[in-house]
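Shared chain: subunit A. Partners: subunit B in the first complex, subunit C in the second.
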Partner chain A sequence: MTTSAPAGVVLDEFSYDDDIVRKFLFATLIWGTVGMVVGLLIALQLANPAFNLGLEFTSFGRLRPLHTNAVIFAFAGNAFFCGAYYSTQRLLKARMFSDGLSRFHFWGWQLIIVAAALTLPLGLTQAKEYAELEWPIDLAIAVVWVAFAWNFMGTILRRRERHLYVAIWFYIASIVTVAVLHIFNNLSLPAGAFKSYSLYAGVQDAFMQWWYGHNAVAFFLTTPFLGLMYYFMPKAAEGPVFSYRLSILHFWSLVFLYIWAGPHHLHYTALPEWASTLGMLFSVMLWAPSWGGMINGLLTLRGGWQKVVDDPILKFFVVGITAYGMSTFEGPMLSVKSVNALAHYTDWIIAHVHTGALGWNGFLTFGMIYWLAPRLFQAPLHSKKAASLHFWIATFGIILYVVAIYSAGVTQGLMWRAFDETGRLTYPDFVETVLRLMPMYWVRVAGGSLYIAGMLIFSWNIVQTWRKRPARYDVPVVRAAALRAPEPSQAAPSPGLLGGLAFHRRWERMPVLFTVLVTVAVAIASLAEIIPTFLIKSNVPTIASVKPYTPLELYGRDMYIREGCVNCHSQMIRPLRYETERYGEYSKPGESVYEHPFLWGSRRIGPDLAREGGKYPNLWHVRHFANPRELSPRSIMPAYPHFATAPIDFDVLARRVDAMAMLGVPYGEAVTNAIPMARAQAAEIAADIEATGGPAGLADREIVAIVAYMQRIGRDIATTGTVASRGTAP
Partner chain B sequence: MKLSDVLGHADLSIYAEIGLVLFILAFLGIVWWVFRPGAGARWRSDAQMPLDDEHPQQPRDRKD
Partner chain C sequence: MSDQDRLIEHEYDGIQEFDNPMPRWWVTTFWGTIIFSGLYLLNVGPIGAGAGRIAQYEADMAAWREAHPTDQGTVDSEALLALAGDHEVLEEGKEIFARNCAACHGPDGGGVIGPNLTDNAWIHGGTIAEIHAVVSEGVLAKGMPAWGRQLTPAQVNAAVAYVWSLQGTTPANPKAAEGAVVAQ
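Up next is the complex of A and B:
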């Protein structure tokens, strides 16, 4: 190790920008607390629907995306930026390329988070998981991300270190891939200031979404944090990583494999089988590099395990990296189709992501910030005891949370598929399978509360450390070797195997080329998987009887999107006997060709709705939305009494139908006639509600639009079911 | 004839085998690069990078 510069070397003088690191650190504390508290609130809502607070802005469907976006992009995002700005400058021996871009990145990102926190409760959403934010915010994300990438690449080009440490590779891969994922999944056609429709429909939209969704996990929650691990673990353990060779294999294997894994979110759905199989195989292959990485992280402590006893930072790292191993063991297992048949749509998946998020992302962040705080605030950590307490409370909280929710998932999955000796469903009433989970849901509330208590102790500890900071931060001047003139021996490559690998040495020194290679690896995988689904006709056979929604049904569908119904209700019946017995004929790819965006869902907190149309009379829906517990006494669904009072905004329909028609949905005469058609259908449904004994005067109220939509779902192919009145299709 | 018709009639099954071979070659290439003779010194010096905040392990040439 070089401890001092050799004599006679010219030294550059500069300083690292730690102010930006402190900014991101505080943002991590604030948004982490907010995101987790929202998580606790929605956990309470599932245990008791009274916690929906009777407000449309605080119902589960609107707050769940707020929780996921806050903890992923605000908490984990700011934590990644915090660690990346600290480590990048030191690994490259260079100050960030532009202080202005750093600040633009920071404030831009915080504004985006505020915009998300305002728009999601208002019901402005694209309905795609982790990509809910509407198009103006998506544009802002793209601009801020480009500023970050520009700043980062600029720093790399001005670096004083010849090689790029493996953490920097992970950062580059994350930055590039997140940009690609974000742009392609969010391509949509605006139909208003905060309303848009996905460019893709049905199977293709589902494919794009989970190509994005899984890789958001891979390239926003995994590779950035692996970069942090490869930097901060050696720092905390005071020794180099166990095997640098293994870290390189870890990196390239993840980059090559991860991007293919997305379709495992769509097993047994209308996605073509080959894509599903491909997703499963690549997920199973991920076992090897993920565990290689975990072992590499843990063994960095080789010979120093006794330090874990005294050091809360190492405790957090060891449990965090172990959680990475646990969740990356479980992920490939869940991607195996037969396991997935049980786990999909259940809480098992929720438990899986919380092992990863609370254990891996949370604990790595906590360990990193405990390590950073004394260095950034130039004062000793306020209380090591409190840090240890935080560790034990949070660990206990995670265990309570995941044990409860794993058992909830398996319980509900087994109940859904149980048949009695006569071959009928043992639990035909869906709500029965929900009520069985209530004890587990309360244990989750307890576990989550402990984790948040830990987060509060953590924040208090860090703020107390900050309060002990000096009046002015000391900004050390770094004296690092300036760029040298090339040595003659290196100018002429020596002959030998492949020209003495001179070509290779040049490659390694070219970050631009490295970035191109990563992009190529990601692009090849994406294109090979996605293009056939779009272009090969046999993948999405069309069905002649499937017609677009009427304008009023489209309005109802937009309400379904606005309220976040998709967070609890799937619309995708798998071709498995226990599903078709419970819900009806399985969903065909051709049924969702006009679904911009797809609403297949990923979790059944309530029953599947793919064949809901015609199951109940209109009046049943009117009463059920007003108060679900009036018809299903122990239902946990939020009430939507405002549907009966809020007026339908007929004027937006022209623009929305127009946008749909531009996306290729054959609306025909409805394009010019949307509003009168919607009014006519609304009057028809309102008349039926009144005739069957319901309230009068609903013809211009939102309730008729959502009822129109509910009655239409899954009716375009011949299935059995009660016939309820419904409007005329275009 | 649309692109989707062309692709729909093309037999793409051979691409899976080609892909398999390419992936294995890429993987073997990376393994070779990592374990190639003489690389050990570089990995040892690269692994030290996080441990020194001030001094580059290998200062860059101006031409790099």
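Up next is the complex of A and C:
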């Protein structure tokens, strides 16, 4: 310890809790592998629908959220906790506030992950991206997160280091903001043990979701990892951080600007244009603050570049930080409306997030754990060669993955908007635009497989290192002086240094004030967009002809949610000529007023369904769900034969309609009469299916509910047919 | 460069920081994006959202309609009947049918979801001009798409000629007759 104590000062003796760090480290290895393998499986499903395995539990729509939740919250989450528990204790010169809370955090988080892995394949989902988990799990997340926050703040208050280092600032911002985001996006009304409806509807729900979704990327995948970077990069590089001033400016600008940027996920949708514009501009303004982090990370290596050649840890950090720089340049670019018009709904977005996830989050995690393993297991890393091999395999894997998926995204985006000389869509058949991507989807499978191969080499290497651990871990005793108020004059910066930054040095000594300031920055930005979105009536002009779904249609919509259809089908036609030509009249804000939750979608692996109602006869849907390839020979949609055999659980409808009514949906007589109404409509549809030559006896089967929903979507503003006019006919 | 670096005295677990100035290009970018955003909000010159997305869409649609007047041409029954006797046209029509029509009308036109096209009963009229109208404009209420929006006029004609040639053939699983019998 370098702290020199003046004579007469009593030093506290304590030790750091590294056992909790080891626990999170192993959880990172296990869940990382699981999450990536599920990713590989869904990549295979897009290349060949046979990989849906013919089971409802393993269809793409149910597994895609499992992949995203596993890699974000289980892999990156555990990695963040691992690094944060290690670095926080050392940066604050204090053991964690409570070992009990640390264990509660660890085991609680792992249980939540197990619950996610069980419920998502069962189709229990809120249908909001990265917030799919149903309300009981959401409550558990809130409790565990608060325990983590309490433990963390308690440690800060007991610290023996007067100033908070920049890594701690980033941890504070992450912990506070994730709590706020999680709670407000998940507000929902339960309609069963694992069933709920979002409190918000349509435009507002979409806004809240992407306020959350974008900032989950910001405050779960970016700021925590910047915090880790600020600790582990100078440690591994054995050099000082490039610029303290840059740390201050880029920290505060990131925290303040990020929150506004969410609406860039909703360009050209029914979201009011002012929100969309703010989302774009704040994203553009995020470019420099994001690059501030990259500069501070990379320039910490100045004068030490030769070390990168033979240190796999630094290699991982350099490529990881570079990937961060690339995706944070691309993010602002994608948020520009005209660029977004091409990229939205395509694989371009998937490529963008994988540059960030595989490059930034993955590589930072790998570098960090290679650095930690010898220190935590008190044995040299088993094989430096294997670590280098991991680096090269994973880098090559990322390149294959993103190059293939970028070209898939641009290809499909251009095909969607292509017109021929007669003014018709060049590719009117949607399937054609999907099939063109197949070679690229196979390259993605190859790239992803390489990345997973690297993950396995990594895990093996770490486990081998662990096996060489001593019989008992040595627990060094640390000595440091407790903080005594008031601070001695040492806090005053030497003249010339830190000019103009003395105010910030003061904030760094006051963690409560610091946390309050972060919260205020986040809250101002949030409220500035949330309040007008909810309060200004003209944002969502009402359309008199838009009515609530019938009880049977609601049941069908819940099936749509359960199967994760929203992962492949949007229900939001943009006001762009090539969209309305393909799908029909563009979607209006007033059409979504009863949509709890909104189902606008974010990716079109299949066509948009916003005007699906009435497009095909009932029998078409019956056959299409049983086997899509019978009607559209090269379709990659999973088959849903179980819809024709599974019985409708009419009993749940009373409670669901009731919940919807409580949310303000004008259900009228359906509140007391939901079940008979549903039975009558089901009988009617079943009779039509039979009369047109389809199978008999479907009146109590789920297929009629989903058909009822399909036939209703987007019809309320239509007068005839699928191409709606702005009429007000009932 | 490193001789300009001034180290801040403080250290955290051995980590130190320089008091380096922020790179000038970075500061320029930082302020540049803020200025750009201000100009965009005020719609200065070419920077900005302009009239907005809906006005832009309406303008695009108007320009498109002007460039592509919806002239389906007059349907000439005799010309269509002549096409129905042209072997090459029928081959093309057969391909178009297999790609777009077979899913609902069956690969041999015997009817599945859509009606049987080989019998002499027709729901929306059985003259070749009426068949052309149904193919081109669709019967949206019943799920028959308007193929005139997706296929070129020549392709629609070929498909109609092929459908016409299916008359009186014997499909494997014919669907029961629907509509009114039309004498040819």
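As a working rule, the second predicted complex is superposed on the first by the 685 of 730 C-alpha atoms of A that agree within 3 Å, B and C clash if a C-alpha of one lies under 4 Å from a C-alpha of the other, contacts with A are read in each partner's own complex, and residues count from 1 in each chain.
As a convention for this text, a contact is a pair of C-beta atoms (placed from the backbone, for glycine too) under 8 Å apart; a residue touches a chain by one contact, two chains touch by 3 or more.
Quantities reported herein were computed from a predicted structural model and do not represent experimental measurements.
In the superposition on chain A, A:555 contacts neither subunit B nor subunit C. Judged by the touch definition given at the top, the superposed model places A:244 against both subunit B and subunit C.
In the superposed model, A:256 makes contact with subunit B only, not with subunit C.
By the touch criterion defined above, A:345 reaches neither subunit B nor subunit C. After overlaying the two complexes on the shared chain, residue contacts for A:615 are found with subunit C alone; subunit B is out of touch.
With both structures placed on the common chain, the touch criterion links A:24 to neither subunit B nor subunit C. In the superposition on chain A, A:148 makes contact with neither subunit B nor subunit C.
Of the two partner chains, both subunit B and subunit C are touched by A:235.
Here subunit B and subunit C are compared by how many residues of subunit A each touches, and C touches more.
Once the two complexes are overlaid on the shared chain, A:91 sits against subunit B and subunit C alike. Within subunit A, the residues touching subunit B in one complex and subunit C in the other are 2, 87, 90-91, 93, 161, 163, 165-166, 230-231, 234-235, 240-241, 244-245, 249, 253.
Put simply, subunit B touches subunit A in their complex at residues 3-5, 7-8, 12, 15, 19, 23, 26-27, 30-31, 33-36, 42-44, 46-64. Chain contact summary for the complex, subunit A toward subunit C: residues 2, 87, 90-91, 93, 161, 163, 165-166, 230-231, 234-235, 240-247, 249, 253, 268, 273, 277, 280-282, 284-285, 287-289, 291-292, 295, 302-303, 332, 337, 422-425, 428-429, 493-494, 497-498, 575-577, 580-581, 586, 614-617, 619-620, 623, 630-633, 692-693, 720-723.
Looking at the complex, you find that subunit C touches subunit A at residues 1-2, 5-23, 26, 29-30, 33-34, 36-37, 40-41, 49, 52-54, 56-57, 60-61, 64, 67-68, 99-100, 103-104, 111-114, 138, 140-143, 145, 149-152, 175-176. Subunit A contributes residues 1-5, 9, 16, 87, 90-91, 93, 159-163, 165-167, 230-231, 234-235, 238-241, 244-245, 248-249, 252-253, 256, 478-487, 490, 501, 504, 509, 528, 531-532, 534-538 to its touches with subunit B in the complex.
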